[in-house]
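Note that subunit A is present in both complexes that follow, paired respectively with subunit B and with subunit C.
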Partner chain A sequence: MAEFEPKIVAFLCNWCAYAGADLAGVSRLQYPSSIRTVRVMCSGRVDPMFVLEAFKDGSDGVLVAG
Partner chain B sequence: MNIDLVMCSEVKSISGDPGNFEVSLVNHPRYIDPVKCTGCGECARHCPVTAVNQYNMKLDDRRATYIEYAQAVPLAFGIDTDTCIGCGLCENMCIAKAIKYDDAERESTLKVGSVILSVGSRGFDPSGLDYLGYGKYTNVVTSEEFERILSASGPYFGHLMRPLDREEPKSIAWLQCVGSRDANRCGNGYCSSVCCMYAVKESMIAKEHVHGELDCVVFNMDMRTFGKDYEKYYLRARDKEGVRFIKARVHSIIEVPETGDLIIQYADEAGKMKEEVFSMVVLSVGLQVQPDAAELAQRLDIKLNKYHFVDSDPFAPVATSQPGIYTCGVLQGPKDIPGSVTEASAAACLAGAELAEARGTDIPKVEIPKEMDVTDQDPRIGVFVCNCGINIGGVVDVPGVKAYAETLPNVVYTDENLFTCSQDTQDKIKEKIIEHNLNRVVVASCSPKTHEAMFMETLEACGLNKYLFEMANIRNQDSWIHSKEPEVATKKAKDLVRMAVARAATLRTLHEKVVPINKQALVIGGGVAGMNAALSLGNQGFNTVLLEKETELGGFSRKLHHTIEGADVQAYLKTLVDDVSGHDKIEVLTGARIVGFEGFKGNFATEVALDGVDKKRKIDHGVFIVATGAGEYQPKEFLYGEDDRVLTQVALSDRLEEKGADGLDSVVMIQCVGSRNDEHVECSRICCQNAVKNALHIKKLNPETQVYVLYRDIRTYGLLEDYFTEAREQGVIFIRFDEDAPPDVRSASEGMLVTVKDHILQQNVEIRADLVTLSAGMRAEDTDEMSQIMKLNRNPEGYFIEAHVKLRPVDMPSDGVFLCGTAHGPKLITEAISQAQAAASRATTFLAKDAIKLSAITAKVDVDHCVKCLTCVRSCPFGVPEFNINEKVIEINEAICHGCGVCASICPRQTIHLSFYDDDQIMCKIDALLEAEGT
Partner chain C sequence: MTQKLFDIAGIGKERVHLAWVSSAEAQRFVEVVVNATESVKAMGKFDPKAFEYELAAVEMTLSGETLRWMVGKEVKITTKGDVYGRKWDVESFETILDAVLEREYQKNLIYKAVKEGHTCVRDIHDKIGLDLKRISYLLADLEKTNKVEFTGMKDRIPVFAVL
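Showing the complex of A and B:
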């Protein structure tokens, strides 16, 4: 069986976490590709509905960073 | 645009007076009309002539018909007639009919009010230093060549290879101070200021680019990482990345003929000869003003110093000896990018102040085409996938992503580009929007944080609302972080593009609100920086309020006597205070404390409490400049405060002013007190020159006094190096000590006894001293309260943080807020002055406008469905939503709404909508990502 590869939706705050993710790129840090990011203007913009939608659609995890 | 570019031209002469100059130019032929040239590159593709590519430091070839680099502005080709054979192929190929073989040298004149001379420098050419083997051994390269080797658009496409055999190096040595700090061999006695940092940077990037291990060694005399946060970077290289730093000046380089490796011979600190073998050697070449630049300055009768930098006054750093002509960048003196950008703004400030009356009269109005109404149209999405040189294309299968995008709903056009941000691609996007009636655009490239605004402008320029745009970040958050897994990165790029396309379809036209700008400025802090900022703004014609918390203007400079150049600080301060106090546009408020603050760019209101006044004063202002300053660290080390023979440099200069150096047989100075240690990691930048300044002063007063400077690295950067040299010539003794073995200071009746381990003697020496002077570092002023009230960010050392270290060095992250002086970080008076002028210049860009456009990303309340539960009022981190008692509705002022969307998420009735990030515009991304698995 192939190794379990989780699908993670990440909601990133434009001003900190998203900028951090960009910086990780600039610094060429290498990390697993299981994450797909959704940019929001603030982690406070993440409506619980978004999290539920992600799980409903089959996401294995949700990351809210801000 | 209010900038005209005049390319391929040289200044012959300048006549007239400030405010009314006539500049005579020689316009050299380019042989291709830059107006007609579309930058398509067909001419270069068909040119049969191979020429050396100077841009890539001669490491590869180009054609005789060429463009320097892909992002060149203007994006137009030219013909290098030194190599062109005149075959006519390019003329035949050029559809735009831009080739002009008969182009000839012309002369023209320009009428201007002020002139800024910023002709810069080039790297030192080490060919003449035969012991380095440059030009003889292929694997010895200059740092400029190495930069090109590391670059994605360089000769090896960013793959780290050595020139001889295109093998990846196993070890690289950097040799510092090639063409700098070397009066004997090249005549350049100055320090170039930038080489230590770029060597550290190059070593870190080199380690990142190789596939295996890479040993990096930097041979140096002193590591001069004196800028803001530079010490942390140096320590990261040394302690985390394993870059080795060896204190030695290299004796010779010898090539191993069989392998092309290089043997470096050097003497270590104890004088022992050592030998190491490297795959490659990088010469960290210094900055040097080129002869043609010096000739130009001389033609304009501008006084230069012996190294051909502009001879400037310490208190007027960007002025030249010719009124109305200013300078900036390396022509002014060796400096890095933040310093150059700062000085450029400073020069613009002074140049603009003279023309303040005429401001805006010559600016052509930018016509933005009428916006197309796309409201009722079905989405027609264009997707542009960027290769970003090889940054994306080298990892992600860009043609595959482009082909995939074609299959997505609503996509009617796709394309891939080498650099989507380049001017030619921007033009192409505009063309394609019109040609294919695109009403939404997706760019899959780098980060929206850096490029969204630029692409949005492109949309605007062809009549498409700028908010009909979305980016997929397939570089920073994909190809760069999955660079070793191309398949995975490609799959992710497709996902990100699919999400972006889904969102693009949901985007709606938005319009930005326009608000007026209050034309008054507020400057916080009345030291040299604050006063210069206020004076510069006043001279630009803007009313300015200058706040000082003390009862007197002057700040820390009141404690200083002379600059190292010998300029009288107190005399300068007196003139400055008089100028500021007597200026009809400047109001000075001393004994002032900020107690309240509100508002936003263009419309701030600050409440100030004044000593002895009961009523608080409210100041309305459009911008503000933070210049709160810094002071001297009060040492806890080396018996300071216990024995009065231990004092700081500031106290020593007081003593020298008052009593001279009589009775001083011996003075010991200890560097890095309260700097470069665990508690305060950063270098305080100014202490080395302070020690040298006071040491020279002592020697001048009493040549018999023995002065010892105990140091870790002497950081007399730029032209300060000359004073370090002079101090050594005067007999000042410099003894290096190790960070782990600091000097020991004891009190004794015969004097202070200082023990230090001398690196050359390799043993402890004891020095008796009449005075021990501590080079105490700088400490930011206490701004805890003020920074909280005004919501301004500071770094762990208490210095305010600029918006971008290199690109926006005097802007703060919030719009309309600027920064200068030691509030930003330790610096010399001269540097604080240019920074203050720069901050004023940046503030002027705001104040010169009558109104600004606000972001359209704001929250709106659907009042018909709102039940006034006040959840939003309680939740907004900025206190924006308010309940209007008269109208009985919740109101959100879009001018102060930050667009965070907390209210939109928290509203239990979902009656608040955040434009551009409405529920459906986020939800669609989640659905698009997870519904279409298996791509």
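Showing the complex of A and C:
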């Protein structure tokens, strides 16, 4: 059986974390593909209900980066 | 706070991560992602159906008035003071917030259990595992706020229903 690949929803703030992720991509740094990114304009926009909806819809984890 | 709630609910705070990553910190972003992936992997697959009650209770707690008011008022109460003029320090406030979080979560869990047809205290206890006395105590609270009503006795056992 294949190793369990989790689905993690990542809410990334446009100016900081998303740009950081972009930079990681440009610099060809490897990171796990279990991360599904959602770009938000500010991490303060992320309501706890977003986190809950992610779990209700079947994600295994949530990351909020700002 | 959401992490703490997930811990109380039994879903596990390792599933929710918060990190600050600046736009120049690409390496740090990779570290954060790897860290998050490892801890979620260690927790295993999340089955929403197995946690139906817990998720419903978490949803009601997070979107409920009590929590939202407390979080909204935190800055004012810890800097300017509460309505009696007392200034609270952040730790005491957070301790109270944690207690309210747990209580609201338990109340919502009981509400969900009653809604799904577990109408007497023993039934609710069997379903959600909370202490009998605690369930009775919180049911009284739910009655006061008109969320649950006492509908009568069945074989000398009190029966409740949602409103």
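The rule is short, and it goes like this: the second predicted complex is superposed on the first by the 66 of 66 C-alpha atoms of A that agree within 3 Å, B and C clash if a C-alpha of one lies under 4 Å from a C-alpha of the other, contacts with A are read in each partner's own complex, and residues count from 1 in each chain.
Methods note: contacts are C-beta pairs under 8 Å (C-beta built on N, C-alpha and C of every residue); 3 or more make two chains touch, one makes a residue touch a chain.
These figures come from a predicted structure and were not determined experimentally.
Colleague: Kindly classify A:Gly44 by the partners it touches after superposition: subunit B alone (first), subunit C alone (second), both, or neither?
Modeller: first
Colleague: May I ask you to decide whether A:Gly58 touches subunit B, subunit C, both, or neither, giving the answer as first, second, both or neither?
Modeller: both
Colleague: Give one of first, second, both or neither to describe whether A:Ala17 is in contact with subunit B, with subunit C, with both, or with none.
Modeller: After superposition on chain A, A:Ala17 lies in contact with subunit C alone.
Colleague: Between subunit B (first) and subunit C (second), which does A:Val9 come into contact with in this model arrangement: first, second, both, or neither?
Modeller: A:Val9 sits against subunit B, while subunit C stays out of touch.
Colleague: For A:Leu29, select first, second, both or neither according to whether it touches subunit B, subunit C, the two together, or no partner.
Modeller: The answer is both, since A:Leu29 touches subunit B and subunit C.
Colleague: Which subunit A residues lie in the overlap of the subunit B contact set and the subunit C contact set?
Modeller: Subunit A residues touching both partners: 18-19, 21-22, 24, 26, 29-31, 48-49, 57-59.
Colleague: Would you mind writing out the residues of subunit A in touch with subunit C in their complex?
Modeller: Going through subunit A, the ones touching subunit C are 4, 6, 8, 10, 15-24, 26-27, 29-32, 34-35, 48-49, 51-52, 55-66.
Colleague: Please output the residues of subunit C touching subunit A within their complex, sorted ascending.
Modeller: Spelled out, the residues of subunit C in touch with subunit A are 1-2, 11, 14-30, 32-34, 36-37, 39-41, 43-46, 48, 51, 55, 58-59, 62-63.
Colleague: Going by the contact rule set out above, which residues of subunit A touch subunit B in the complex?
Modeller: 7, 9, 14, 18-19, 21-22, 24-26, 28-31, 33, 36-42, 44-50, 53-54, 57-59
Colleague: Using the touch definition from the top, list the residues of subunit B that touch subunit A in their complex.
Modeller: So the residues of subunit B in touch with subunit A come to 208, 447-450, 473, 475-478, 480-485, 488-489, 491-492, 495-496, 499, 857, 875, 877, 898-902, 904-906, 914, 917, 919, 922-923, 925-927, 929-931, 933.
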